[in-house]
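What follows is chain A paired twice: with chain B in the first complex and chain C in the second.
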Partner chain A sequence: MTTTDNAAASDSAPTALEQAVTTTDPVALARVWGFGGMTSILLGAVAGLLVGLERLDLASADVFGSADEVFQFWSAHRVAFVLLGVLPALMALATTVVPRQCGGSLVFPRAAAMACWTWLVGAGMTVAGFLVDGGLGTPGGGGQREATALTMMGLLLAIGGLLLASVCVMTTIVSGRAAGTGLRDLPYTAWTTLVGATVWTGMLGVLAANAVLAYVDLRGRPAVRFGAEDAIWEQLSWMFTHPAIYVLALPVLGIALDLVSSATRTEQANRDVLLVATAAFGFLSFGAFAQTFFDTPGTPVAEEAISVVAAFAIVPVALAIVGGLADTLRRGAGNLGSKPPAEAVCSVLAAVLVLAATAVGAVRVIAPLELLDTSVTGAHFALVLGAVVLGVGAGFHHWGEELVGPKGRRPGLFLLGGLAVAGGTVLVGVADLVSGLLDQADFTGVDLATAGNPDSGVDGLNLVSLVGSLALLGGLAIWMLTGSLHTAANRKGAA
Partner chain B sequence: MASTVPAAPTRPRTLVVASAFGTGSVVMYFGCLFALYFSIRHDAMAWGAQWYPEGAIQLVPGGMNMSTMAMSAITMGWAVHAVLNDDRIHAMIAMALTAVLGIAMVNQTVFYFKDIGLPIDASEAATLLFTIVGSHMVMVAIGVLWLGLLLLRALGGQDTSRHRDLVSAAALYWYASVAVYSVIWIGIYIAK
Partner chain C sequence: MLTTGFKLWFGFFVAVVFAAVFAGYTSGATETGPLSLGWKGGVGNHVSYTILVFAAGVLALFGLVAVAFRDADAEAQAEVLGLDEAPAAQHEVGSSLWPVFGALGVGTLGVGLVVHPAVFVIGLCIVAAVAVEWTMTNWSEKVSGDPAANAEARENLMRPIEIPILGTIGVGVLVLAVSRILLASSVTGAVWVATVVGIVIFGLAVLVSQRPDLPRVAVRGILFVGCVAVLVLGIVTAVSGEREFHHKGGGAHQDDAHAEADH
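Right, the complex of A and B next:
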């Protein structure tokens, strides 16, 4: 071999960065989705904690400089959880576990890689936009317009990436599954991912339309209406409330059904009922119609029959799914042993939290109570998203060997983190629910009028909610540590 | 010795399925914009407000674009038919014609935008008009790029009846763009 040969060989060897960016390996990309998503959830939890701190004194701005800054963090908390956190984390499982469950491999791997990096760039731009005084508008118009435009552009890229990845996943399930496998034969995770992805693909298209309209109006000239600083969030807010957020919980219910079945080594009875119930849950989660910003004179859309009926109808549907889960647990209890798997425990807790969230969602729409703008909405969000985070974490732990490797799993540490996440979610949910019943506003701002001029008992509840946020953050930090140790153990093993 | 030639495995129409899902999302995008447009317009009319200034929206450009898109739907169908019949020459001619009609549509829209005399920030109606028509222009431009790719494949001899999915997938997307434009034509240009 000559010197020239050596030089040529070293020139052609891709660097680690080149390998990372050009890979089409779904497992490698799933790590980007998963790590990026869980980091966003952690950042969102930090934003939520800071807003909770500010809420301890409802009459003044102590942590932030103004109500607009509080709003930026308050909205960042929701965006980070939904579009930058939970959906990408679900995509990590959807692009790796689901194709295997279908007996095939992910179709369009290059498109999936493009989707992943597009989402990552968009997520980075969105976070940067929030940090440089942008975000999705502010009630007082105190943000930077250019930074708001950056946030919108980042959000559009993130939506684009999620849409493209969803198309790859849905096509894999519909067209790329093993011959002879019908849709009814699919495991629940794959089935609920198909239903959920179909619904959120439709909703993300609508969200993109809202964002484009606001962006077009925002850029370069005084806004006519849609791009006004105080109008942007309300146009997009339907994605972060009832019924749209339920769609995030759907794959988590599928994960719970699969994990419990695996832990108890017992097949779910009434499979067709569960398939129909999960499909109905997805159908009832379609929330693109509930755009409060475009309310016409008359009954607001959130109080229209379609919203109210959907809020109530989803409770028995969730009850049927959790009932199926309970039935499997009952029949397979003998196989669980004295130490049931940590991921099964977390997924069952997640399913129960989803059921509790649907009940809170139903209470929220009871017209005489007038709870739509109160912190009951925040409690509903916290319960649904807490459940989803718990379920996704359970999925990551269960399928961790496929995503990271066989060594270094720490079920005890994982369970501790999961219990902290569940406990934190319950504390935040219950405290905000009661505060809402006492008329505390969803977005409290920094003065008593915006906060809903609540009774004095709310201060104590806000403290409980803050403790819940701390527990949630602690649980997420434990999970990040567990994941890092798991990854490090396998890297060391590989080296 | 008699030999049995195994039947070619049926290819799952993966590209068409993916195109259907992607196109569905695009249709939802326009569905949202149309819903907002008609809802806000209905409110404005109910209050007796003027939606567009008198004479601001001309029927001719919209009609010309609709004719162009309708013709492109026919040529796209021709392309699909030609590929199914392994007629490479006709497939290339049909796809090239469809792409040219798409480019013509984009050109007409840009010309109209420059000529319209209605600033984008004139009113909510104008902002919605520019957003909807502009978005559709982008949709058509993406379709033209897709057709360009198909033409390159056809030149390489890859678009045959056994590998027709990419043409069918593009056709699905293109028909959706024609359908979306019909709503624009009727709902915005004609109904004003």
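Right, the complex of A and C next:
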């Protein structure tokens, strides 16, 4: 027998690194989605905080060197929250919790693994692109073209990964259900994930097409139109505003319905109404049509009747869903006890924030107020994304035992983080809403003209918004600490 | 009976069609344009209308598939297959290298598009190789019900192809990397580098042969670190460039006609 044979016999088990990168176990991959997503949200919050600091003095560049740099961080904040943060974090729950709710296992686990790694590679490239003076274009054309191209390519890969994972999740829900479980019988998280995945699969494809168009024009000779530095963001911006961002809130409403039902040990009444309402919420979230860049002469698409009707119609739909949630809370209040579960508290707060966000979204499109380009848009984004982060965090805490393990859960610390996230979101949302009513622009730049020449009152409001950003960041940091302690406790237990 | 999936997606289809027509009429379309897909008149905002109409088409297809396959309910699957119980939707699959290599290949393609065509070609090769390997893995898993026999079938088919190709690529890359290191060194330095590296490799080989109980992880670790070190040095020296070559007489640029300067 040779040395190699001896060694092979004694030591053929894969190393920890090999196991980590070759696994097709959805739970292991969910940790990559979840940790990667929450890290991106944290980085996005830091970018938002820096932009908030710059906004304290609207007339000059204090933190950054130029308006282009401010824009890079401002757009990075939105990209990090939506495509690199919340959607992957939702995917962590969609690939683990949802299959279990369907009574089966994730279909196409290898494709799901490839989706996860592709997203991770794309996210890394996107972040690298932003860091080396790229990003998604700049108003003054001051970015590096190669770095912008790298960001676009990273974004395309991230979108590709998310699309592939969505296909796996949808296929699992449709064809991987246990016998006797119809689509109508699914728990709300699984149902809203199916509706949400249908909508975001449609939208991400269009977003990828936008990115390809801009990328192709960006390369080689000077850009004709789509790849011009000052035009790229506008082509992609529809994904980060009304109505498209509502689709991120849909699974969070499903999570809230499930968590409250579980905490109160009470079945939701009017189940069919809630199924229809959540489907309607999904339909009203389809925002790929609202592409301001391709506006034809006449009324801009954001002011067209379809956008306005959608913005108003989603308010009663959200109200119906939150009403269902309130009804369950009322009927099951006796089972909650004096200390309701932290995740139920956070998920209810998230649902209320979604409702508030839809109201702000409706106010935003009232034509005579002319709020579309003001910081009301930022307030709307902050409220929706804050609610989504809160809801996703609640989901992670509730199903943390399945994702990480039973030991080391810290509900008190989690609740503290959740309250900080909720408080921070409210502060940012309210301050930016009022600033928008005082004419502050959504992107303020580094001079008063770009900032919209707002009233003097916005200075104080921007400070309040900054405090809100700090609270949000603090809450996220507490959650990361909670998650790390939870993981470490279970690692130690396993060892 | 209409299934829940059909109701969801066909309902979406109807709603999106209404949305498309509504968007058309409220953005300057003619009377018949939105109803005739633009055949008889304008549709208003082209982008909005086109995206909504395409979305409607996709959703209608989803709805029709859902109703045709009865929402893929387990009972319906069992009935189609003539079984009492539907088989598991997903068999357990073990660890696999191909997803992560596939992602790296796609990532390399992306970086190559931005940075250099050579990197793009490398990405293309990785993606093609992963496609073949992934396909063969899937094929082998259906050879029989015995995972060990399936793995053996795959090994028998793929090892005679994989080992020569990987060996050739490995040797080629290492030779290229070492040549870059030597060409970046001075004339005397190159001799020293070659001597020291040769002695280190020989010494490690002797050490490994003298320790038959050395864990395989350690051997793999040594090889991995060594290969990465050579590759990194090769890339760094390739970027920094070769040493200067002074041509005899300053004329012909022929390999046998130049003398190297030691600097």
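Throughout what follows, the second predicted complex is superposed on the first by the 485 of 495 C-alpha atoms of A that agree within 3 Å, B and C clash if a C-alpha of one lies under 4 Å from a C-alpha of the other, contacts with A are read in each partner's own complex, and residues count from 1 in each chain.
As a working rule, contacts are C-beta pairs under 8 Å (C-beta built on N, C-alpha and C of every residue); 3 or more make two chains touch, one makes a residue touch a chain.
Everything quoted here is computed from the prediction, not taken from an experiment.
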Which of chain B and chain C A:117 touches, first, second, both or neither: second
Partner chain in contact with A:248 - chain B first, chain C second, else both or neither: neither
First (chain B), second (chain C), both or neither touched by A:167: first
First, second, both or neither for A:183, with chain B first and chain C second: second
First, second, both or neither for A:286, with chain B first and chain C second: second
Which superposed partner A:94 touches (first chain B, second chain C, both, neither): neither
Chain B versus chain C as contact partner of A:226, first or second or both or neither: first
Which partner, chain B or chain C, touches more chain A residues: C
Residues of chain A that lie at the interface with chain B and also at the interface with chain C: 107-108, 174-176, 198, 202, 206, 288, 294, 296
Chain A - residues contacting chain C, complex: 3, 6-8, 10-12, 14-15, 18-19, 21-24, 104-111, 113-114, 116-118, 120-122, 125, 146, 149-150, 153-154, 156-157, 160-161, 172, 174-184, 194-195, 198, 202, 206, 279, 282-283, 286, 288-291, 294-296, 298-299, 301, 304-306, 309
Parts of chain B lying in touch with chain A, wherever the complex brings them together: 12-14, 17-18, 21-22, 24-33, 36, 39-40, 42-43, 120-121, 123-124, 126-128, 130-131, 134-135
Residues of chain C that touch chain A when the two form their complex: 3-5, 8-9, 11-12, 15-16, 19, 22-23, 26-28, 45-49, 51-52, 55, 58-59, 62, 66, 71-75, 77-78, 85-86, 88-90, 92-100, 102-104, 106-107, 110-111, 113-115, 134, 208-209, 212-217, 219-220
Footprint of chain B on chain A - complex, ascending: 107-108, 163-164, 166-168, 170-171, 174-176, 198, 201-206, 208-210, 212-213, 216-217, 221-226, 288, 294, 296-297
